[in-house]
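Chain IDs A, B and C follow the sequence of writing; residue 1 opens each chain.
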């Protein structure tokens, strides 16, 4: 559970997390954005199907893997939010993309 | 961007920034490579763009980063951002991923300043949503101006935990409790080190002021605890632990939405190992250090190291080490003579000594607790492949004498993080089960890619 | 003598043989290397492969065929004794041909192997359209493939673990982290001296991979071991899409995709090189374009234990009878042979038909 420090008045971008639309500050990472929007998980693990949220925020734990703009297994803490971005939970192992 | 530089610096934290800036001013053709979009590393993350309120909460030390970044940006050094290093080997060709394509850069001298990572702190339930590192909390504050909004508990030991507690208090975050896991040794046992740490008096006073602020805010601080665990089904619901006072203890449970963990930081030695640098085990700090001299020269001819990646020294000392590396590089590359190098270095070395004087005291005060180095059998050690401590102990009992064999049989360390979060725990477990020393046990073999790269990106390189 | 047998080497070869001996109730000790030893077992691709083997050496074609047939029994037995599943599947396997010349050469090799095995080797040449039915993701760069239903794959690390647990089940004494100094033949047996102490046994089997030459020499055996480096890569986990292994691309039971491999003459260097990794990635992507966006997790080099003609060596010492050396680079495919007939040969209870064809005599130039 996180919130913005008051009056961090930066620009916002609109994006979708699963089937809902959100407005988040521009320039933050996808991991920060999903935490701000209060999701309960970013993925389910491939081995035991357990839920995870971001852990280290610096790109070494690989727990924040999400499907971003259709591409699976992306580290959400390494990707900056963008207008009209689609963000989805990573369910287990990544699917082989069916188109290039 | 060229394919060759006289000096290639990897990492835009304080050590890398200072080294690159000074190197450029000394006439070296230098490039600084960093994976992030803006300079600052982790300690000065986003310092160029953070809002005034955030900067206020973070405190004055963060602002030093602003000056350092400006110094670098004005120095004339080449800056290559958004460029993670995916490949490095003993031939010292550095492979970066830039705009979806791989490029190789060679250099007369390579300076590794890749910083530190949090020491993993495995405990039952640490993989549940809502559990993060203290460093993660800091990154959210620095780069996204975000603070915890629900209930918050901090657990662990180390200056960073104090720091973030103080920063959060300034930002109006309500902290339910601080669970102090530092083993036994209080201020009293560490007094001998304290005397030697007095040259860094300002640092000590700062720490004291943090502790006072926490006390003043009335935050419950629990010391001398054990059996710390996280409870919850789909996410964290509470932390539970036992207080150990005299003969009796009490079990305490604290409901919370967020738990931030911290057990100090450890050097990120992956690139130094990839380059073939010799490392040494530091029994006091319980981590591996890169062998180097005062100038940052490693055991490998053309490779220098500076900052936390060689051994934990902190931001200020890292910056000074970076400056010494720049001087040494300039001398090795024949831009300055020995006399000039030594003359300019004098003041830097004095300041560095002062900064380093706090370390033994901090190491003694905040030694990592055994419970998180040798977790219970059911605790996850490898978060990626979900291997627990019991499985690792079992593998050792079946004859695995080292971490690489343990990995082969349990898959621990085979996931995408490639051992970042489990390497230290696996080695500690093997040492404990076999009675061998950490030097004998060794560490996971490091292999590329050191940052993610796709097959297509590699194929097109 | 303390033991009936000492087996030097705890990789796939040594463990199979030690397991096979212990299974017959012999008292066995295994001396194994340390955590950082070269360990060809860690560079194995996991193929239980029949097709193409022994095209130029009939005994190997027959030997491999027998080995593959014994596999299912070994898997069941190990699962029973150790509870370890090793993800073995006799799924069939593909060897891609990228142009007409490769295709023609392949047909010839397949026919030779069929001949050598008196028709028991089964294969089929698949053109692109037929191949695409088995593997829809294949690109047009692949002309076709040779397919054998007798090929399969396994997790080589789990196999090694299962063999080691199997050894434990049969009370083998396992000594890891050994640096073997010398071996002496005396008093009707053998003494193995390491920094940790000395072990003695009636017979000894040297299965120490790259160390076979040095150790074999001590016991009157001239074992020509050739080092060959292969680089391999492995991807992140993916949902299952490829259910049979191909020579260079194999999806494991965990969902990761293994991509191989090179053959390099670089001496004792198990490092990686960007140019080779680039070639491996390029080849994989040209055959499976959908792999382009898949992330790489690890790349490494491993040293194969090759012989001059690539066929195994099974040698008993002439000057020190009771001392044996086993050298091969297909420790997985031959595992069941090693646990069965070869262990029997070492124990003196069996003399497999073909085993003499694999002695080092074949490397000696005949006089005159």
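The rule is simple: contacts are C-beta pairs under 8 Å (C-beta built on N, C-alpha and C of every residue); 3 or more make two chains touch, one makes a residue touch a chain.
Every value quoted in this text rests on a predicted model; they were computed, and no experiment measured them.
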item	value
Chain centroid nearest the full-protein CA centroid	B
Interface with more contacting C-beta pairs, comparing A-B to A-C	A-B
Gap in Å, rounded to a whole number, between the CA centres of chain C and chain B	41
Centre distance in Å when chain A and chain B are each reduced to the mean of their C-alpha atoms	24
Between chain A and chain C, centroid-to-centroid distance (C-alpha), Å	43
Multi-partner residues of chain A (each touching 2 or more other chains)	73
Chain B, residues touching no fewer than two other chains	415-416, 452
Overlap residues in chain C, where contacts from two or more other chains coincide	236, 254, 291-295
Residue ranges of chain B touching chain C (in the complex, touch as defined)	87, 89-90, 93, 95, 104, 398-405, 408-409, 411, 414-416, 418, 441-442, 445, 447-449, 452-456, 458-459, 461
Complex interface listing, chain C residues touching chain B	10, 32, 34-36, 42, 157, 160-161, 164-165, 168, 174, 176-177, 235-236, 254, 259, 271-274, 277-278, 281-282, 284-286, 291-300
Complex interface listing, chain B residues touching chain A	35, 37, 42, 49, 51, 53-54, 57, 117-118, 127, 129-133, 135-136, 139-141, 143-150, 171, 234-235, 257-258, 383-386, 415-417, 420-421, 451-452
Touch list for chain A against partner chain B, complex	1-8, 10, 25, 27-29, 32, 35-36, 40-41, 45, 47-48, 50-63, 65, 73, 75, 77-78, 80
Of chain C, residues touching chain A in the complex	137, 236-239, 241, 254-255, 289-295
